[in-house]
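Single-structure report; data block below.
Going by the order they are written in, the chains are A, B and C; count residues from 1 in each one.
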Amino acid sequence: MNLLIFTPVNANSSIGGVTALVVHELIAQGCHVVVVSTESRDLIIAQCHNFATWILPWDDELVIRSLIQSADACIYQIGNHFAYHEGALRWLFEFPGLICLHDFYLGHLFASWAELNRVHADFILDQWYGSELARQFFTYSDSQSFIHATSQLMPMTEWVCAKADAVITHSQWGCGRVLKACPGPVLVVPLPPDSIIYPIGIGGSEGRTLNILAIGHVNPNKRVEDLLEAIGASQSLRERAILRLIGHIEPAVRQSLMVLASGLGVNLVIEGVVDENNLINAIEQCDVVSCLRLPVLEAASGAVVKAMLYGKAVIVANAGFYAELPISCAVKIDPDINNLQLSSALEDLLNDKAKVRRMGAEARRWASETFTSKHYAHQLIALVARMHSVIPINRALVNICLMYRHWSPVRAFLDSPEIMHPLRIFDITGKDI
Amino acid sequence: MKIALCSSYVPFIKGGARNIVEWLELMLQEQGHHVERIYLPQVDTPDLLFQQMCALRWIDLSMADRIICFRPQAHLIPHSHKILWFIHHIRSFYDLWHTPYRGFQDDYKISGFRDALHHVDDVGLREAKSIFTNSRVVAERLKTYNRIESEVLYPPILHPERFHSAGFNDEIVCICRLEHHKRQHLLIEALRSTKTPVNLSLFGVSSSSEYLHSLVDLISELGLTSRVRLDNQWISEEEKVSRLSSCLAAAYLPVNEDSYGYPCLEASHSAKPILTTTDSGGVLELVDDGVNGYVVEPTPLALADAMDRLYLDRARTVAMGTQASEKISAMRISWPHVMQRLLQ
Amino acid sequence: MKVLVVNNMAPFVWGGAEELAMHLQSNLIISGHQAEILRIPFQWEPSRRIPSQMLMVRALEVANVDHVIALKFPAYLLRHPRKTLWLLHQYRQAYDLFDAGQTNLPTGSAGHELQSVIRHGDLQAFSESAKIYTNSEVTRKRLRKYNGFDSEVLLPPVNDPQLFPGGIAGDYIFAGGRVNGLKRQYLLLEALALADQRVRLLIAGPPDSPEDALRLQELVERLDLVDRVKLDLRFLPRAVYASYLNQCAAVAYLPYDEDSLGYVAMEAATAAKALITTADSGGILGLVKHQETGWVAQVNPEDLAMAMNAVYTCSEQTSCYGQSARILWESMNINWPETINSLLQ
C-alpha cells in the first residue's frame, strides 16, 4: 500500500509524535509511506520527529500532486491548531482522503483558515448551521465566549469531515457530527498510547472505600441514575462508595442528579468538564471506572481505554466492543441494565479491594498489548481498503450533484425521495447517503 | 402484455447480444405482445460506471408489465417484475480478474471498485423475479461470484426452419467472424495434414486486417489455394443456409467461449455434425464427441484426423448430423420454450 | 460521420416524432453517414419525478459518436461536445401551458421550483448546443420568448415525395390526416351541407378514438350527406393515402392553431393540389395564400362552403392554384439533403 501522510512533523507536536510511531508500524507492515509536513511556512521547525521516511514540504505543488496520483490513499492528520495543519487543509479540499481526527472541536482551525477565505467561510457556516448562527460566528469578542458558543453549536467538525472518504476518530464523543458529515466509513480507534508515560503505581483509594469514576458526557440518561440506584440499594455501598462524575453536564441534569443522590443517601461528586491533567488525577485516584453507555460504534471509547492503561478495572455494558474485553479486567453488565446485578457487582468490588487492584493490573497489561501503534496501523490499513469500496459511489454522487447544481440548490437533490430512494441499492456502509 | 427489453450498448458497435434481444422482440410481437426495446449507452470504465448506474436506477418502466434485462448493467433498472436473461458480467471484474485479460492494474482503488460492483450486483440481481442465462458457463459464474441460482435458457436462432440438409459434399465450412480467437488459422494448418481431399471454406468479416492477411499468407504458404476458400465478406442469410445445407460438416472452434455460438446451432438445424476442440468452452454444452460431432485436441493433427474421418466414414457423418438436429429439441432450444419460460 | 439521433421514448407510444427520427436516420444513411437512434424513456407523471429524469439523461455517457442531433426535452440534456438541437418539443407544461393553467406541475412553490429546475436545465442544454433549430415558427417564437434563445426554423420535409406526383383532378375534395376534434373534420361536413350538390368529400385517416369516428358518422347521417361523403376512418396504408391525394381535386386541412405546416399540406403541395384551410389554422397559413395557392376561409360553415364551391367553379384555376402551391413549397427548399446539411453544420 502506498500512503501519503499529511502531518505536523515538529518535535513539540504530540500529533506528530503519535503519527511518527504509526508510520514506523505502517512501514513494518509493508507499506510505502511518504510524509508531507503540514506546518505553516512561517512556523520554524527546530527539530522533527523521526518518521524513518522522506518528509516533503506541503507547498511543493508539482511533487505532491504527482505523489497523490500514485498513492493508494492520502491520510490527513487534523487538529485544531492552524499553524500545524495549514498544509493538510490545502490538499484535503482538493483531494479527499482518510482523516485522522485528533480534535472534535475545530473552531480555531476554521477561524484562522477563514482569514484568507472569508466568503467561502460564510458559505460553509450557512450550509452547516444556518444563517442565524452563521452570522454570529465572527462576532465574539473574547476567546472564552467564542469557545463556549462555538463548541456546542458550531464546532466545525462537519466542515472537515465532509471532505473525508473515511474518518478515524479517537473517541466516540462528538461522533454524531462526524457520522452526519462523512460520506464514508467512520472508525473509532484509540490513539496508541506509546508516547504517554504511565505512573508505575496503580493508585486508588485507601482502606475500605470504593471510589467509582464515571467519565463521559452526562446526558439525562438512565445510566448514571442506574448507578445511583444500585449504590443506594446497598447499605455498605451507601456508606463506603463514592461516585464521581467527570464530563459535560447540563445544569438541570446536575441539579436533578444531586437531588436523587441526596434522596438515596449516595455520595455523589460532580466535577463537570476538567482538563487533561485533572482527568488523569481523577483516574489515578479512583478504584474503578464506569462506562455503562452502549457504544455507538463497534470500537473503543478513548476514555475507557485510557482508564485501563492507567491500571483501572472497568465496569461496562456487555455489548459491542466492550463485550470483547476480557472478564479478568472488566465487569460486564447486561445491556438492559439490571440494577440488582449492578448493585451486587459493586458490592463484590467493595468487599475485595485486592481483586480490584488485580483487575486493574490485568487491565493495564491487556490494554497496553492491544492498543498499540501496531494495532492502530493495522486498523488504518484495513480502513483504507474498505474506504475504496465506498469511494466509487461517493464520487459518482459528487459528479451528479455538480450536474444538479446547475439547475437547483444541492439541498433539493438530497431532499428528493424520487432522486434518492432508487439509489439505496448503493448503500454499502449501511448509512444514509 | 407490455414488455420492455432492456440492454446496454455502445453506439455503432454490433454485439452478439443484439440478436438475442431483436429476435426475441420479433417473436414476442408475433405472439401479440407489445414490445419496447430500450438500449442505453454505457462506457465500462471504473471512474464512470457508478454514475451511469445511478442513471439506470432512475429509469421508470412501470407502464410495462414486465421487463427483461440482458447485458450488464441493465439488470439494475428497477421494476416490480424484472426478469434477467443474463449474458455476461462486466468480466474484467469477475472471471477475468485473476487473468492477464483483466485490463486494469491491481491496486486498492480498483479492488475497492470491484468490491463495490460485486455488492451492487449482488443486490441488483436479487431484485429479479427470475434469472436466466444463455449458457451453463454463465450460470456457474453467477453462482460462484454472486452466490445466486439461475436457469439456463438457450437462445434459439431466428426462423430455424430456413435451415435444412440437401446432401453432403466434400466441404467443411466455418461461418463466423475471422478473428484470432476463432482460430481459422488452426483449421488451415490442419487441412495441410489431411490425407483425404476434404476442402475448407471460410466465410466472414474481420475486425483485424492483420489477421485476415495472415490467413491469406498461410493458405498460400501451405500451398492450399485450391482447397481453401476464403470469402472475406458478410455472408447473406440465404447463402449461409445454402452452404450449410450442402456441406460435409461445420467447424467452430473459438477459444473458451461463453456459450455455444450461433454457428453451431445453424449447423445443427442443417443436420450437419460440428467439428470443435476440447478448449472451446460453451460449445461443449452443445457438441458431444462422436454423438453430434467431433471434439478433439486443439492441434492441427487432431483436427486433420477428425476431418478425414468426416470425409471417409460418411454414414457416421450423416448419422451425427441427424443427432445434431435432434439434440436441439432435446436441449429445448426453441422459441416456444423461451417464451414459456420468460412469460410464465 | 457517426450521428446519433436522440429522442424521448414514452414506452409503447409511437407518434410523429418517432416517425421523424426514423426518416432522419434513413436519410442520414442515404447521405453517407452512419446513423442510429437513441430513445430514452421519459416519465413525466407525477411531475415531481421530472428532475430525476433529467438527471438520468445527464448522467449517461456516450462514446463512439461524432455528432448528436437531439429532438426533445429531456433527451437534449445528453452530454456531447457536438450537439445540434432540432427542437420538436420543449416541456411546454413548464412554459406556455403553465401560463394557460394546462400543466401537470403543481401549484404553489413546488410548481415554481420544478419550473425553475426545468428552465435551468433548458438553459444549460441550449447554451451547450452548437446550433438550435426548431420545427416550426411557433416553436421558434416560444423559445425566444421563454428562454431567450435564437433559433432557425427547419421544417421537416416530406418523407417520400416521390409518392406524390399529383395527377388528373378527380371530383372530390380530400381531407386526410388524424381525425379528432382539433382537426375539425366536422366543420367540413357542416360546410358540405351548405355547398353545391356537385361538391364531394373524402375524409380518410385514423380516428384518435371511436367517439371521434362516431361523431362524423352521425353528422353524415343527420345532414343527409351519405351520397356525397366517403368516410375511410382507419390508419391508411401509404399507397392508399397517396392515391387518394394524387387523384383529388383539392385538399382540405383546417386544424385549430397547429404549430407546423402539417404533413397533409406539404404532401398536397408536392402533388400540386390546391389547399383549403381556415384563418385560425396556424402554421399551414405559410403555404396557403388566399386565391393564390388555395383558399383561406373564415371559421364558419358558410365561408367554408364558398371555398369548397370555388374548387369546382373553374377547374383550370384550381389547377393553377395547385401548381402555385407546389412552386411555393419547392421554393422553401425543404428536403432531406438540405435538412441534413443544416443539422450537421
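One rule holds in what follows: contacts are C-beta pairs under 8 Å (C-beta built on N, C-alpha and C of every residue); 3 or more make two chains touch, one makes a residue touch a chain.
These numbers come from a predicted model, not from an experiment.
A summary of chain positions shows that the Cα centroid lying nearest the centre of all protein Cα atoms is that of chain B.
Of all chains, A has its CA centroid at the greatest distance from the CA centroid of chain B. With centres set at the average Cα position, the gap from chain A to chain C is 67 Å.
Chain B and chain C have Cα centroids lying 44 Å from one another.
In whole angstrom, the spacing between the mean C-alpha positions of chain A and chain B is 56.
Residue numbers of chain B whose C-beta contacts span two or more other chains: 51, 54, 58. For chain A, the set of residues touching two or more other chains reads 399-400, 419, 422. Each of the following residues of chain C touches two or more other chains: 49, 52, 55, 59.
Within the complex formed with chain B, the chain A residues making contact are 1, 72-73, 384-393, 395-397, 399-400, 419, 422-423, 425-426, 428. Within the complex formed with chain A, the chain B residues making contact are 46-47, 49-51, 53-54, 57-58, 76, 78, 107-109, 111-113, 115-117, 119-120, 123-124, 127. Touching chain C in their complex are the following residues of chain B: 2, 4, 10-13, 34, 36, 38-43, 48, 51-52, 54-55, 58-64. For chain C in complex with chain A, the residues that touch the partner chain are 48-49, 51-52, 54-55, 58-59, 113, 116-117, 120-121, 124.
Contacts from chain C toward chain B in the complex involve residues 2, 4, 9, 11-12, 34, 36, 38-41, 43, 49, 52-53, 55-57, 59-65.
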